[in-house]
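Both complexes shown next keep subunit A, but they swap its partner, so subunit B is in the first and subunit C is in the second.
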Partner chain A sequence: MQRDHTHRMESRLESTLVDATDNPKERRWYPRFRSVLRFLPLLPLLAFVAIGLVGPMVIPADPDEQELLNRLQPPAWSGGSWHHPLGTDGLGRDLLARVADGAQFSLLIGVIAAVNAGVIGVMLGAFAGLAGGWTDRVITSLVTVEMAIPAIVIGIVITATLGQGLLNLIVILLLGGWIVYARIVRLQALALRRSEFVEAAYALGAGRFYVLWRHLLPNLAPTILVLFAQGIAAVMVYEATLTYLGLGLPIESVTLGSLVREGQQVVFSAWWAGFFPGIMIALAVVGFNFLADWIQARMRIDRIADM
Partner chain B sequence: MARLALRALAILAGTIFVASSGIFFLIHLSGDPTYGFLPVNTSPEIRESVRDRLGLDQPLVTQYVMFLRDAFTLDFGYSWSLRQPAAEAVLRVFPATLQLALIGTVSAVVVGVVLGVITSARRSGPLEWVLSATTLVGLAIPGFWLGTLLILLFAVELGWFPSSGSAGLRSMVLPIIALTLHPASMIARLVRANMRDVESTMYIRTARAKGLPARAVQWRHMLPNAVLPAVAYVGLHAAGLIGGAIVIESVFAWPGVGRMALQAALERDMPVIHAFVVLSAVMVTMVNILVDLTAMAIDPWLRSSQVMSHAT
Partner chain C sequence: MQERATHGINRRRVVQGGGSLIAGVAGWNVLTHVAAAQTPEPVRDQIVVDLDGDVSTFDPALTYTTRGWSIVHSIYDALVDFGSDGTIVPLAAETFTTDDAITFDVTLRGGMTFHDGSPVTTTAITRSIEHMRASDSQVAALITVVDRVEEIDDLNARIICSEPAAWLPSQLAVWQVLLPEGFTTESLESDPVGSGPYRWGSFEPGNQIVLIKNPDYIWGSPKGQAMADEVVYRFVPESATRVADLATGQADIIARIPIEQQSGIEAAEGTVIVAEILATAFVRIATDVAPFDDPRVCRALNHAVDVQTIAQALEGESSNRLASIYPDDRALGFDPELEPFAYDPELARELLTEAGYPDGFSTTLEVSQAPRLNYAEAIAADLEAVGIEVEIVAAEGGTFNAGWGDPEAPPLRYASWRPMYDPNTFLSLVISSEGFLSRYDSPEADALIQAAAAEPDDEARNAIYQQLGQVLQEEPAAIYLWNAVTRYGVEPELADWEPRGDDYIVLTES
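Take a look at the complex of A and B:
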């Protein structure tokens, strides 16, 4: 009773404090510095998304147009012209337009694959943790077995049997991507299975799917969100590695990975051709991992270590 | 010890089983497998004779059982593009890959642990800042691009190391650096975080109180207690480390199984692919056994019965 009272006092105190800072007189026409600073970690991601989504629309150059007289032009600031800000590749194509195109493709594929891998992984993981028994054993051994196969090997096998194509690439990314979700969600589901509110739900006659949907998933939502942000970064690196090796997609497709490969072929005469696509990959990795950290900090959830 | 080896072998057998089943399923998913490797305009008679010779006219179940039996006896069939048995071809280039993968893994652990210990000792300062920035970069950039950057800097600009091939020790330097940076950054961060946790324990206070020099406290007392999660990381990401070596082979034109498999994938030479998958599972198992042995050497508790890696 006493504790309840003080708790209420505290919350009232808190709300007055919040009101004080939210006082209209305190509001200024410019955003306060601290609140701007809070969004600073999202800057790399914003930069990547701006180049990837807006870039292809506003950059006038055609990524596939060849100007054989303007082959291997350097970037504007090291001797090139502003006609091709990042220079041109071995066939005289505008590198900026190609990088923007590749970034757009990588971003879309990354999000699509991460969403699907997330749905499959979360469902299997949550179900394994909640059901236990044989379900758990089968899913766990599937995870154990797949963890003994390097992800790149899956890419090689699928390409060798099914050939190259967009759908096959997504299948490869899914097969490599679901495991992280399944492992971590399973562990959290195992912990939640023993909690009182889940037991209470079972005692009231709730079925397994009801508990999964109404109790487990809402509790796991912040974790899943963080895993998802990290997952996009991981999938994008995986996709870039595959397309760099010429796996998954036909060899002429424009992705960040295939641009790095093209750049490596002219590495002795044009450093920029492979450098800028790689910078974009790094930007995406940093951006999405910063986003994950940012979500973690904002939601005050424990750090999820992939251990 | 015996239990540990048995467990590793069980996982290996399970992996070979699941991977071989998957490959069998995928080969037969598209109907007649001969369309995968014979030219489209092959005459029906030749196609039929090839089917007959490869046993493709048998019932699927019989084929499946024979496929699995061959996988477990390391008989993967005849590679038509290399014109020799696939197992032989892959095993011939296997030492080159093993060399790269093992040296890369060991150097990742050594560099990661040393970086972690150094950065955990000083809270701030230029060295700490540089090393933190290095680990951040190491985590952000993918291995294959790091490889091309290294070629750009050390092979093209400076000319210190060859950009490709496997002639001598000098040509190993760049691939090993490219393989090391990412896992070493991860391990350095883990070790640093754990060193700081261990620092506040009573036995470290005791070690300092009895007058041990700071370096002895760090390396003899703190590190063995802080390094286990890093070792577990290597076990958990063994597949990633092996996969990294397979990718790096292509960047530096290193004549190993990765490059051979990549070529085979584009030519749809399934026996080579099958041998390659089994071999990469064997490599991952080897790394996992090494990790378990290392963990037992470090932690006396684990020597009793518990298995520390593979924990899911």
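Take a look at the complex of A and C:
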């Protein structure tokens, strides 16, 4: 029975493949389309990066310039003017310029925090996995304890005691972000520790750092890259949540979270003020997660090709 | 736009005028009008009010916010009250007279009772004043002007001051409510008993308070009668949430709507009522620290901010730039001749250069609650244009109020003061060098504040306050902003509701 079923599946798959390659029309456009299609998942991220990195340089409007008599203008296509394509906020500031500025700042904070969290998390995870024993137990308990406390509570406590500020925000984001790296890298390191080439390296007299640097990290690179892409998205959402709650940065700083908070105040009369910053956050999250998937898929294909 | 403005003019008076005009045209119209007026309006079961924040104390002596006073003046009555034009009208007092502003003769109305059934007698006045004296109130020092209360009989008393205090009635109207026998500071918080139109129902801290109609409030009080059997005051700090509550029918009246939310209420078919309350908005300058100890810097700040544009855009068309702290001609001291500071960034820069700050300086501006961030950001942007870097600090309400006199607190603070019928309380607390909330020290201003407080004649007091207005322009204690309005959102059935001029939401109607 089981075999029959599998057989049927295989033949159906075969016939589809045959159909696809046999159609001369499809044979011409399909490979080209597929190669373009392969990069499609990167589109949201490209859009976000284009607005966040290039936007502030090319958008002529000053994100801080107020035009009080022009406040809460709707986007150009729903009754506003192309002078302010996405409309204006409660103080008459250009929303497009502010969204671009906010995206840039949020991206910057996201990358800085994710890099720091990544370095710390990978190091601690690798040490725990390689060294075992007490080092492992201490680091694992640290991870367990921090996992038990919701990240938002850590944010509230740190802001309440140390106050608002860029450095404090990065510390909060770092504290919330390193665990994922540590846990996954530790598990991988545990597995690699018992592999033959690591044992061989030890037998040849290599030190722990050498093994970490020459064997472990290169082998972990694909995983770390995927984690890093996901990490940026997670950190950006976390940062937006904190600034939305008024916990992150001083009031004047423009981030996507603070723009959503401002927009929410006028949500019943000016939907655009909160909508576009919200869309940008969504773009960033979807974009970085697609990137992570994309890397993962590419790595797997490469590995299969190598074999 | 379903918008209605209430001014100093009493709308009912206008309605009556209209009625008599119709009388000349068609007699039957008047008859129906009168008949309609005689039928008492059905009292609603419940009105839900969304306040713009928390009320954490119900002790009348410790209440300083219009939210708190909304509750306090629903439960209690004071001897006198503010009329809609800001004049003092007798409330629990049938007559309240003075010849010299030292001795005030009071005759209470007969037949009033507290919610516990005990009669309201003149001892209640003594209790109220003694409670204020013994409390930690920010205004306790002001009541020391009352030397003693002579209780002549149950209904007649004499309040005797140690010096002339023509401002005393306005102080009594806000803080000195009549307190029953046997009250304690605990009972004021947990089970307050007053003689007002509503009695205590229940309280969920941080969430809501319920008041119940007082069925014994049947005398012809100028405050009017309870509009509903039950009023629920909910604490909703987010303005967008208040608008959502109105739109979904969860609230019937919502307080303090920012101007940009008006169209949201209109879309939800609610009515926006704009009330020109007597309130003044300002950025208090701490003149006890550099660089603000130089009056040229304070004048520069006033010239640097385009107050008129900000007022029109963020507060509304009826708000205008003020020359000093007095909001409009309903307040003592308002001087239509005194010109406000001109918006002149060039002059501001010159003044800063003269004072030794050609490159400006950096400072902090404190503000409470989210809706006011807009004002702070607009003001900060104008200051930055003349080289003054401003960091905005948003403080939670309690922290903000505790920071008035704190020398460590940010030197600039955006605030508004209401009601301002009689400026004495504000001046004694915020401007006088001995004031509990003050960081301003001008011997000239001090002398004028004292002279006005002791002046029995209103016209003479007005002149002194006007003179003080000029002093406050030469040596500014604040960036004088605008006369503030307040916006309520109400459900269609309450579109005729007339808010009080002092921004208290006391739901009564005559």
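Operating definition for what follows: the second predicted complex is superposed on the first by the 268 of 307 C-alpha atoms of A that agree within 3 Å, B and C clash if a C-alpha of one lies under 4 Å from a C-alpha of the other, contacts with A are read in each partner's own complex, and residues count from 1 in each chain.
Quick note on the criterion: contacts are C-beta pairs under 8 Å (C-beta built on N, C-alpha and C of every residue); 3 or more make two chains touch, one makes a residue touch a chain.
Computed from a predicted structure; not experimentally measured.
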Which of subunit B and subunit C A:L291 touches, first, second, both or neither: neither
Contacts of A:I281 with subunit B and subunit C, given as first, second, both or neither: first
Contacts of A:L95 with subunit B and subunit C, given as first, second, both or neither: neither
Which of subunit B and subunit C A:A234 touches, first, second, both or neither: neither
Comparison of subunit B and subunit C by subunit A residues contacted: B
Subunit B versus subunit C as contact partner of A:P250, first or second or both or neither: second
Contacts of A:L69 with subunit B and subunit C, given as first, second, both or neither: second
Which of subunit B and subunit C A:I224 touches, first, second, both or neither: neither
First, second, both or neither for A:V145, with subunit B first and subunit C second: first
Contacts of A:R183 with subunit B and subunit C, given as first, second, both or neither: first
Set of subunit A residues, in rising order, touched by both subunit B and subunit C: 246, 264, 267-268
Contact set on subunit A toward subunit C in their complex: 64, 66, 68-69, 71-72, 90-92, 246, 250-252, 264-270
Complex interface listing, subunit B residues touching subunit A: 11-12, 14-15, 18-19, 22-23, 26-27, 29-30, 36, 136-137, 139-145, 148-149, 151-152, 156, 163, 229, 232-233, 236, 238-240, 242-243, 246-247, 250-251, 258, 261-262, 264-266, 268-270, 273, 276-277, 280-281, 284-285, 288, 310, 312
Subunit A to subunit B touching residues, read off their complex: 140-153, 156-163, 183, 186, 237, 240-241, 244-247, 257, 260, 263-264, 267-268, 271, 274-275, 278, 281-282, 285-286, 289, 306-307
In the complex with subunit A, residue positions of subunit C that touch it: 238-240, 243-244, 247, 258, 260-265, 267-268, 309-310, 313-314, 370-371, 373-374, 376-378, 380-381, 391-394
